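Dropping the structures in below, format is structure tokens.
Note that chain A is present in both complexes that follow, paired respectively with chain B and with chain C.
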Partner chain A sequence: MRTVHSDAPVVRSTDPAPAPVLSVEGLTLSVRGAAGPVPLLADVSLTVAQGETVGLVGESGSGKSLTVRSAMGMLPSTATTSGRVVVRGTDVLRAGGQALRDLRRSAVSMVFQDPRAAVNPVRRIGDYLTEGLRAAGTPRGQARAEAVALLEKVGLRDPEKAMRQHPYEFSGGMLQRVVIAGALSVRPSLLLADEPTTALDVTTQAEVVALLKDLQAERGMGLVFVTHDLGLAAAVCDRVYVMYAGRIVEQAPSAELFRAPAHPYTAALLEAHPSLHGPRRQLRAIGGRPLALAEAPSGCSFRDRCPQAVDACTEGVPALRRHGDSVAACIRPGRENWT
Partner chain B sequence: MSPSAAAPVLEVTGLCKRFGTLTAVDDVDFTLERGASLGIVGESGSGKTTTARILVGLERATAGEVRLDGELVGTSSRRQRVAQARRIQMIFQDPYQSFDPRLTVEEAIAEPLRLHFRLSAEARRRRVAELCDQVGLSERNARALPRQLSGGQRQRAAIARALGIEPAVLVLDEAVAALDVSIQAQVLTLLDQIRRDTDISYVFVSHDLGVVRAVTDTAVVMRLGRVVERGPTEDLLRSPQHPYTRLLLDSVPEPGWDPAAVARSNRALAAAADAPGDLA
Partner chain C sequence: MTTVSRSIGPWLARRVLGGVLTIGVASVVIYGSLRLVPGDQAATLAGGRRLSAEQVEALRERYGLDDPFLTSYGRWIAGVLRGDLGISTVYQDSVGTLLSSRLGISVALIVYSATLTVLLGLAVALLGAVRGGAVGRFTTALTSGAVATPPFVAAIVLLSVFSVQLGWFPVTGAGEGFLDRLWHLTLPALSMALVAFGVLARVAQASFTEQLRREHVEVARSRGIGTAAIVRRHVVRNSLGPVLTLVGLLVAALFVGTAVVETAYGINGIGSFLVSSVSRQDFPVVQAISLIAVTLFVLMSLVVDLLMPVVDPGVQKERVRA
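And then the complex of A and B:
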């Protein structure tokens, strides 16, 4: 179990905040592999408050999608877990099939990267949207009316017509709006969005993000925004968690993450990103490639690629240390401590 | 092999491509100087990929012409096509689909060398090793099958294979779009290095303005098949003249970003496009 470093205690929020809509506590997860268990997540903890937008940022294999999926109880079939994932008072990891179905029907829903993979291509949009409502016992006429209202809400110009259309008749951006309407139909208190705009054009991305933020403000939902794009996370989220090799390596308010990254990985990601501002400079690539937890070295997972690594980085996984408003899993957090 | 060094290596004039009633590329012009790098920026449906495919002869233009070293591209004789392939090569977004899954990476890199040069087996081996070294592939990577490599390594292999025949122009279609940020920076740095070491020219097709800024000198912005703005990349990004270029710039998320404002200008621009002539 990871403990917070004693001389730099992580202070729990002092506001008498209401219970979070999502709280992940020390989630560790492994799946069965040919040669024994393969660890994928280690000691992941995060919280999302009502009305808050929380970003989960990382590269391939960082575990960001797996973490967010755990909140839906969507785990690999051979997964072994420890820790807790609590959504509105229900521990998802220990919930049975019925409890999970109830949760997905009333509290939490998810929007995926590829809307075309999320809807049945041979059924009409109306069927897609009313299916969940009908299953929850809503009478047919009312379900239909609600679906039309939802389509209007997400900005489809002719919702009545859209109800009768098939997915292939929509552009990617419009179909993602339909999927968002579907996600809203359960009136979730927690909306999970896994790279919801990655497959879309940049101008369409802005439309979908604006819609998500609007809906969130209106309904006071907690929103988890998973993305590989640090700029997008900073633009959309109140707080951001940065993941690397199955662990959270930094947590910070968005503005702080950009202004003063506390973990060398966050700093390196920012420098590797081709910027549009300031003088044109040489990109600073990070050597090596992003690792999954199973391939990561002992000690700090990032140490092989870290320009700041010292001998002490091999000695155990670094505890979370506070640095300004951020928290980072590094023995020397903050640029001023780097060479 | 190199004609007059001052002449542009690639000249595109009045390029059009129609698929049935759809005009994918509409009267596109640009030139690429030797050793320079040109960005083609646009979103889906802009015609940027179709333009790239015409350049390398994968599509035939409905009208207009492409000149490579002054010579017309897209004529039909096989000999000429082989000769042209020797001078212009393409890198795709997903290199996995452009590799024979049964060939090792070094075999795949050797293949075009066999087709275009008369080299002894030993000389070919040396050249393949040199190319792998140039793009940063280890000997172990070279002996691997494409599926055993990561996305970044496969893209390096695709670059090595294209460089082998020493083309004058490399057309890169969203070549780093599928890569993780840390790997993307590695590949962009590599491409920059190669251009400084040789007199190769790039046509860099991308939707990502940051990436275009990092690797190009000049750029054209395409929308609905047409070039709406062109110029030195830095000028284009610092003081965009066309509302669509401005919209693309405003669409890049950063702290303090206002997606709702972007969405509004996007709709305004779409409405203006319905009434052509209103655009600046």
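And then the complex of A and C:
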């Protein structure tokens, strides 16, 4: 709790652009459980500049989906929060229902993991696409024309026909293109992609990622790319935040993250991931299992699984420390300091 | 559209054939029930009247009691297919004529009751599902009570409170003219609708609640769609499948329910006619009404199946493929 605020200036100085489209400052979140509050996020801070692609990487339960959903004000109903989540000047955590709806209709949109679940199965593709536009007050005819143009843009061969079709008539990859078109329909300045390729075939994944990047470059949106795949994040993103047990443990430019991971958790993730390049090596699994914030030990959350842990790791949550171009929540950041 | 209707052709043919077979088997059972009545069937048909030997002989001749079962069944069913439902043993009049004079009031009662069932059922289900929590538990308790209240109990309670004590509604009769008829049929329709309302509201509330938890609803919220539009276009729209299926069955069940309710409220419709015909052992009438009930169930389920692709487009694909 105490760390990030004191180190906030350090974090800010690494941001490449002055006017962020998303700024999360010290977001702490807990939900009501059977035996009192269950903490899920602690002191999460991140920024996304216009035209920037930011990766959010972590294992299941690390809080990455929750963090990205907070940018839309989509929090669990029993959540209590502190900190600030600012999108285009609006503090999302304190915004009322109407302000949130306005924001979602015009500034932020999201691409979801499983397009089959995200699109209402009994309605037509055209209904899905125009729904957001109609809610924002676009006249019916214009909404339809924009929807057709969007379908063409995301690469559907016969957009007029697709408008009248139902979700079951599409493959997962094509349906994810429809979801992307739906997300773009509101002309967002911030696009949130929550594991957008996890449910797709590998070849389709590459197409969807390329499409997202093209659209982002064309429209200058900020893009948050949530994934559990560090390699994919590094390939897609300018900067990557690594999350562990509800906290951000490292933030670095993508190339730097690969070249010189500053946090032992990032290093362990990289070693657990197979690579097509370089000499063949043994893949190393991380011992133990991923933890949620509520079950994390005192001090550094990762210390029980960390090969570099020392006695000092039990003394308080480590502050974010600068290491080269990276920032890591470790008392001994950087490989050269490890044994 | 023509290619679509052609491609579901085989499905439709199988479906209609199945319905005809169901009615056929039911008709054998219905007709055979006359032969299962213990004792002399001629005496049963005479309904306790003392008859001479010649009269008994004429009766046996007329109803083909000395013929083999299949011969007399064949004669009956051939008549039914021509639209001749036989002669009532009590009224000595054509069953078709006797039924058609009573059909209108029963249809009015069923339509009224079905309308109340659907409107109240969906409204209560929606309230329970959208509000959830204590409201959801209250509506569940309410509908549990409704399901557990048989129509004759509902009829007695409603009559004693609203007709006898408060005097707001008539005790008996069917009324003249539209508004007067509506007024007369309100309590009977409510008594009949109670169980159907409970069943429909429970199923609909469960379906609404399930849809509200679906991801496409969360996605719609994430796109800034208002609650009313989400409920209409995502929650209710996606629940129409199970709701429609159930309404079809409930409407057919309401036809059967007229027996108790028309008797309780002294309405001279098909239902009370069935009850009086059973007690007077007027078999041609009982057989005809039973056959109509079976046909109604089969027809309603066919209508529901034909409407299903409209509310759930995936169904069409399965039928074409099958």
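The rule we apply is simple: the second predicted complex is superposed on the first by the 322 of 339 C-alpha atoms of A that agree within 3 Å, B and C clash if a C-alpha of one lies under 4 Å from a C-alpha of the other, contacts with A are read in each partner's own complex, and residues count from 1 in each chain.
Here is the rule we go by: a contact is a pair of C-beta atoms (placed from the backbone, for glycine too) under 8 Å apart; a residue touches a chain by one contact, two chains touch by 3 or more.
This is a predicted model, so every value here is computed, not measured.
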Practice item. Would you mind checking whether chain B and chain C clash or fit side by side on chain A after the superposition? Key: fit
Check your understanding: Should A:112 be classified as contacting the first partner (chain B), the second (chain C), both, or neither?
Key -> second
Practice item. Could you look at A:235 and tell me whether it touches chain B, chain C, both or neither (first, second, both, neither)? Key: first
**Study point:** Chain touching more of chain A, residue-wise (chain B, chain C)
**Key:** B
Review point. Of the partners chain B and chain C, which touch A:296 in the superposed model: first, second, both, neither?
Key: neither
Practice item. Calculate the angle at chain A, using C-alpha centres, between the directions toward chain B and chain C; round to the nearest 10 degrees. Key: 70
Check your understanding: Should A:207 be classified as contacting the first partner (chain B), the second (chain C), both, or neither?
Key -> first
Check your understanding: A:327 contacts which: chain B (first), chain C (second), both, neither?
Key -> neither
Review point. Taking the superposition as given, does A:60 touch the first partner, chain B, the second, chain C, both, or neither?
Key: first
Check your understanding: Does chain B (first) or chain C (second) touch A:122, or do both, or does neither?
Key -> second
Check your understanding: Of the two partner chains, chain B (first) and chain C (second), which one does A:168 touch, if any: first, second, both, or neither?
Key -> second
Exercise for review: Considering only touches as defined above, state whether A:286 meets chain B (first), chain C (second), both or neither.
Suggested key: first
**Study point:** Overlay on shared chain A, then closest C-alpha pair between chain B and chain C (Å)
**Key:** 11
Review point. Touching chain B and also chain C: which chain A residues?
Key: none
Revision key, fill the gap. Residue positions on chain A within touch of chain C in the complex are 72, 74, 100-106, 109-110, 112, 114, 117-123, 127, 131-132, 135-136, 166, 168, 182, 186
Check your understanding: Of all residues in chain C, which touch chain A in the complex?
Key -> 214-216, 218-226, 229, 233-234, 237-238, 311-314, 317
Check your understanding: Given the complex with chain A, which residues does chain B contribute to the contact?
Key -> 43-44, 150, 152, 180-186, 188-189, 207-211, 213-214, 234, 237, 247-257, 259-260, 262-263, 266
Exercise for review: Write out the stretch or stretches of chain A touching chain B in their complex.
Suggested key: 59-60, 201-207, 209-210, 213-214, 228-232, 234-236, 254-255, 258, 268-269, 272-277, 280, 282-287, 289-290, 305
